[in-house]
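Report on the following structure.
Letters A, B, C, D, E and F mark the chains in the order given here, with residues in each chain numbered from 1 onward.
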Amino acid sequence: MHIARWTLEEMAARWLAEDVGRGDVTTGAVIPPDRAGVARIEARAPFVVAGLPIARACFDLISDRQVAWHAFVSDGGEVAGHDALARIEGPLAAILTAERTALNLLGHLSGIATITRRFLKEVQGTTATIVDTRKTTPGMRLLEKAAVHAGGAANHRFGLDDGVLIKDNHVAAVGGVEAAVQRARASVPHGLKVEVEVTTLDQLDAAVAAGADAVLLDNMQPEMVAEAVKRAGGKATLEASGGITLENVRRYAETGVDLISVGALTHSAPNADLALEVEL
Amino acid sequence: MHIARWTLEEMAARWLAEDVGRGDVTTGAVIPPDRAGVARIEARAPFVVAGLPIARACFDLISDRQVAWHAFVSDGGEVAGHDALARIEGPLAAILTAERTALNLLGHLSGIATITRRFLKEVQGTTATIVDTRKTTPGMRLLEKAAVHAGGAANHRFGLDDGVLIKDNHVAAVGGVEAAVQRARASVPHGLKVEVEVTTLDQLDAAVAAGADAVLLDNMQPEMVAEAVKRAGGKATLEASGGITLENVRRYAETGVDLISVGALTHSAPNADLALEVEL
Amino acid sequence: MHIARWTLEEMAARWLAEDVGRGDVTTGAVIPPDRAGVARIEARAPFVVAGLPIARACFDLISDRQVAWHAFVSDGGEVAGHDALARIEGPLAAILTAERTALNLLGHLSGIATITRRFLKEVQGTTATIVDTRKTTPGMRLLEKAAVHAGGAANHRFGLDDGVLIKDNHVAAVGGVEAAVQRARASVPHGLKVEVEVTTLDQLDAAVAAGADAVLLDNMQPEMVAEAVKRAGGKATLEASGGITLENVRRYAETGVDLISVGALTHSAPNADLALEVEL
Amino acid sequence: MHIARWTLEEMAARWLAEDVGRGDVTTGAVIPPDRAGVARIEARAPFVVAGLPIARACFDLISDRQVAWHAFVSDGGEVAGHDALARIEGPLAAILTAERTALNLLGHLSGIATITRRFLKEVQGTTATIVDTRKTTPGMRLLEKAAVHAGGAANHRFGLDDGVLIKDNHVAAVGGVEAAVQRARASVPHGLKVEVEVTTLDQLDAAVAAGADAVLLDNMQPEMVAEAVKRAGGKATLEASGGITLENVRRYAETGVDLISVGALTHSAPNADLALEVEL
Amino acid sequence: MHIARWTLEEMAARWLAEDVGRGDVTTGAVIPPDRAGVARIEARAPFVVAGLPIARACFDLISDRQVAWHAFVSDGGEVAGHDALARIEGPLAAILTAERTALNLLGHLSGIATITRRFLKEVQGTTATIVDTRKTTPGMRLLEKAAVHAGGAANHRFGLDDGVLIKDNHVAAVGGVEAAVQRARASVPHGLKVEVEVTTLDQLDAAVAAGADAVLLDNMQPEMVAEAVKRAGGKATLEASGGITLENVRRYAETGVDLISVGALTHSAPNADLALEVEL
Amino acid sequence: MHIARWTLEEMAARWLAEDVGRGDVTTGAVIPPDRAGVARIEARAPFVVAGLPIARACFDLISDRQVAWHAFVSDGGEVAGHDALARIEGPLAAILTAERTALNLLGHLSGIATITRRFLKEVQGTTATIVDTRKTTPGMRLLEKAAVHAGGAANHRFGLDDGVLIKDNHVAAVGGVEAAVQRARASVPHGLKVEVEVTTLDQLDAAVAAGADAVLLDNMQPEMVAEAVKRAGGKATLEASGGITLENVRRYAETGVDLISVGALTHSAPNADLALEVEL
């Protein structure tokens, strides 16, 4: 997933401003402004990398593109502990000032890519596709979805405007799955499929009958998902969602369900462990 | 920690825009615009609450302050599973459109408050203070620090401009702890203390001798921290940092160290589990 | 289509700033600041109304919501010459300063709704749906699409991220319709349908065979569109596009094609004629 | 009219964001990121060109200035059908993603320049100057005024702060042309002329007597304008306005009036017809 | 001069953010959040007031309009030492946090109004008008010009776009006053007068002959200005500029020159002395 | 004090927009767009320079970095009348359009550096450090503090978040110096010192006893400050503040007080006198 450089620098500007505020007083006091430096970003444990472009944008912005950046790996690549991700050469003060923001991004996004890859491995050999959700950190959705993609999973919709997903609260408000699907079908742009969330097999039948393109099976046990797959008979894309973990994901995948969405990819991934080391 | 309403609404505007984009197509298609609704935000598991003001700002902004908001708890309060955090009454479409952004914030921030509270309980009865770090999610630092505060811990500096912390890379660049402390002392505003990171007891001695106000003991084992406490003899505030977990935090606390900083409070807290239920 | 008030006021702020600049020198010099006034927005010719919410936001913003606004019609309603659209009561200086921006918006958007309605009437009784395109005025897409909706037509995708439309240049770059459809199918979020543009019936066959959900028939004569409808046999949604005018649109509609997209709805609609009259 | 590059890129950023949103899913799925391409922007019909600098800024921004741009014509130049306006070489994905925004701008602005040129030709040989109005598309005024200038006409004021124009509603509010002109004269900066709108010849006399620098003759027939010219005797600049079309403009121009303002230059010009062709 | 409230709050937001940053740590630590308070803004010396609306906007914004504001004087009014300008009642923390920003604005702007009033008094009884220049503090022009107006002087142009002033460097670049005036006359909008800067009486003659509406007499002694007034014979507005102080301004005013522009009104006015006192 | 180039260009963009508005009509009309030029920024009187980086950013931004900039001096350097500060070579129109904004900044900031240097010279040979305050021009604090630094003085806190200063109103609200210091000590981040403002020697004793790190002696005469120095006995940093001028500053400095803060450095410094001369 390619993000234009000006978009990355716009993000970097906002985030550097948050950390740097009116200036890095420590670096300003301690490091001579004309001192050059070389630094390496290193893994402290194995993980899947994500976030290199935004990390680079932080160093670029703060140094007015005066740092030379050499990456040893790309987003989606795997590193072992002690591996270097990138080498940075340029004004030392700029490197130290941007360090934390860049590492926070790399650590957070690589954490997401890493857990995503683990889910991928669990379902290997099945036909299920792992997808993310909208349970992302506000302000970071685009990058978090890119990290999921780097981890190897697919992206669900990016927001409320690029996909239709009729949730339980929508259904309840209009009195049933069928009514809700029909309303959506009648008024959303023709380029969007209509997906609806169901909690029972009867609702699934109603959804399929009403012409839903996809059905989200909410919080069903694997057995019930398997039954749903049988009943839908390929007439709608089926997505299992809710309570899915590394421990149980394979059982869902083996039901033949098309998609398995996992909120934990983005909302609870522990940070990847990495550091910036100055070479002297 | 009080954040002005216009600041909260500015954040809410950015984050709602990220999720809503050009409009919530599902809600627009399914829910009549004049339909009123009542919803409750409910815990699905026990946790410490944080983020209510920003969650409220999301509903306020999207509804032009047409929702009535009633909170049953405040930031820092604890809830059990099934407890309601807040009741929202107003235009149903607005409630459903803001739902995910508000829940993402509440879940993320309550997750931070919850893990913070657990660390607090571990060190109960000691004189150690748990503090956070700058390992926060870019764009969310202010709210994450407020969540740490709601959890009961203290805040370390908020950015590179409101605290001096001379790190290993700074020390290395100027040739030693003493030189670095002296440079900082000579040029930072007088309202800021000077803290320096050390990895050996010799460096600690040098830091204290150079007049550092605080010393960060990086990645030392509890025994070494205890020795550091003895050697510093109260002449500087001591902060233990690096590799500190729920499992080992008490051993650090019992060394008599003043501060224990824990990056995991903010960078790896799992989301609190909650949901919005529409009452019908 | 509902747009939240804060979004409208954000637009109004940008556009008022463009016109007002550092202040309305004429009104500031001529009108006493405490003078109240009443004004009516009147049609000078018959048209379909669109843009009332954004027009109101202009008066609201400039007067800090001190104007009382009473609309006699809603977006999508039809007015005859001399009909009043709305009555505004409040500080006269604010009314006069916001006048031009509000009228420019109402005139432009009502122009779009009006021509849209005329297309709708031409195809009445057929099964064809008129849709808009991305040929909108930069900065005004959301409002222009809302005006098309007020006029009675449906909206095509709102941007490059909420719909897949493989255009001739994409097809050319990857060597054929089939390859392009397959690539798209393999990587776009599952909530999006895949539409592809074709210029020949052979390409149409390839598109349908490759599983395209929709096919845009580019610049085909009505006869060829009719043939396409026959060949596709309902296996894909068909959209006629290119060179379609009020004069020939019915011939396209009678082919049985599903969608007819018309760029001229948004890119070349003449302004609706209206004025603001101060009551004395 | 020269607009600085950073101003153009700021506009381009806002408008590309509107179209691209979270990313061009089609191009991202179909076009390999490292694929280079060459494209030509071509006229499909004869027109006067305007908007090349902002179109270029779109391609520059999205590609981080990695496209080579060669223009075959400048703003104000005329092209025939099939003529190329510009050749673009660079990353194909960037070219395709920016295409629509760039073409929408070029088409809209060239449409304005084209109709402006037609008005110019109608009044050729007379002493009348064609000028634009504030009836522009919100958000596009600067570019639309530049397009009018490219078409060969002159610009009226750019906003409410760089010119004084006392309109009928102002006059009515203060009880007459004379009072209004005097108030304005007494308080506006000395660098601004005072223009007042009149609908009768008596008002014209009052305006001239009160020392108005310019008088806008609102909705007068050519005969009455001719009479006004005689009566004013060169003591004020006269501007004819209201209901002026390509059909009747010459009759106005032949009255000897100084300025003829035409709202339709900017509010109702049909788009110029052009396309981007990828060379293979 | 009226500035809309949303414009004032936009300025207040930027400036409060500059001072408050991530939060007022002192007030947050010391003042209970629910503590109400009453404060008075008091003069410590006599001055002319300016800036009350922007000061109020600071308190309004930070308190979400929860403060009651009562002003005892308006912009342009004079106060003696110990006089109260305004009384503020509301959340004490909000009052203390906004205090410095509000006082900085009031002090700076009142300083400008005060020195302006002194210049006014010096020229009393003559026909000369005191005007300001573009020598303002970047970011504060609108408010500084409003302060000049509150002080009783007139405003020169507000920027480079709402007035034509051909300076020495422009004249030098095109080879003479006459050429420069003619170029300007030929291409600037008809609502703008043409003013040109001259340093000799010969240049003045050329300017008048070329039809300049106004002439700026740069750095001329009063005697030479008097001679210029005679020579121009009322054919152009004359403005004396350069090196004019409270000591010599009357000698300039008595020459009969129309305008006297004084950069020192805005670039070097000492702050007015005032304070905020909390009532207990 | 180093400020990153993107931060400078962001400021420059805001301030150029304020002056240039919709375009420099004079330069646009008079100067051919392709005309190159050379200009020098010259002192008209002796002063200490500050603001060169932001001045340069103005020319860079408006010319898309097409001007060559050569500075003959750095911030903090002293110039005599007629000395050149910098030479600028590039598009003449860009140079003339950015001129006023750049000069306003240089004049304002150099004025601050100059008066700061004068204070420095007054206290030469004593141990007192001159520091600035928060009495800065809203929107210019960072640059004004950098100018103070260029002048040779030290910076006090930059905002309400990077330093604790308990003022009289805080003290009054919580009932005493001791309570206020204790509250602050208990809750502010450990990297911040606690400073409290006192007006009597008894309050000073209380402050020291309560553990204040620094004490601001408000509006005390030099004799009383000397007494305070004696009484504090080095247990707290002492800052004299209030009513300190070039005339009396030495008497304060000779008391042995640590810091002398002077609001007039930033709020009332007269502009430095300089000009831009085009070389022909």
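By our rule, a residue touches a chain if its C-beta (ideal position, glycine included) is under 8 Å from a C-beta of that chain, and two chains touch if they have at least 3 such contacts.
None of the values given here were measured: they were computed from a predicted structure.
A.B. asks: Common contacts of chain A and chain C?
C.D. replies: The shared contacts of chain A and chain C, listed by label, come to B, D, E, F.
A.B. asks: Please flag the chain sitting at the greatest distance from chain A, going by CA centroids.
C.D. replies: E
A.B. asks: Quick check for the class: compute each chain's Cα centroid; which one is farthest from the centroid of chain F?
C.D. replies: C
A.B. asks: Quick one: compare the interface residues of chain D with those of chain E and tell me same or different, with half as the dividing line.
C.D. replies: Shared-number fraction above one half, so same.
A.B. asks: Could you please state the distance in Å, as a whole number, between where the Cα atoms of chain A are centred and where those of chain B are centred?
C.D. replies: That gives a centre separation of 22 Å.
A.B. asks: How many angstrom between the C-alpha centroids of chain C and chain B?
C.D. replies: Once rounded, the distance between the two centres reads 44 Å.
A.B. asks: Which chain F residues touch at least two other chains?
C.D. replies: Residues 21-23, 28, 141, 158-159, 161-165, 187, 189, 192.
A.B. asks: Which of line, ring, star, complete or other matches the graph of chains that touch?
C.D. replies: Graph shape, chains as nodes and touching pairs as edges: complete.
A.B. asks: Considering the complex alone, what residue numbers of chain A touch chain C?
C.D. replies: Where chain A meets chain C, its residues are 131, 154-158, 161-165, 187, 189-193, 195, 214, 237, 239, 258-259.
A.B. asks: Would you mind writing out the residues of chain F in touch with chain A in their complex?
C.D. replies: My answer: residues 1-6, 10, 141-142, 158-159, 161-162.
A.B. asks: Would you tell me which residues of chain F are touching chain D in their complex?
C.D. replies: That would be residues 13, 21-23, 28, 33, 61-64, 93-94 of chain F.
A.B. asks: In the complex formed with chain C, which residues of chain D make contact?
C.D. replies: Within the complex, chain D touches chain C at residues 11, 14-15, 18-31, 35, 37, 39, 92, 96-97, 99-101, 104-105, 107-108, 111, 134-141, 158-167, 169-170, 172-174, 180, 183-184, 186-189, 192, 263-264, 267-268, 270-271, 276-278, 280.
A.B. asks: What part of chain F is in contact with chain C in the complex they form?
C.D. replies: These residues of chain F touch chain C: 21-22.
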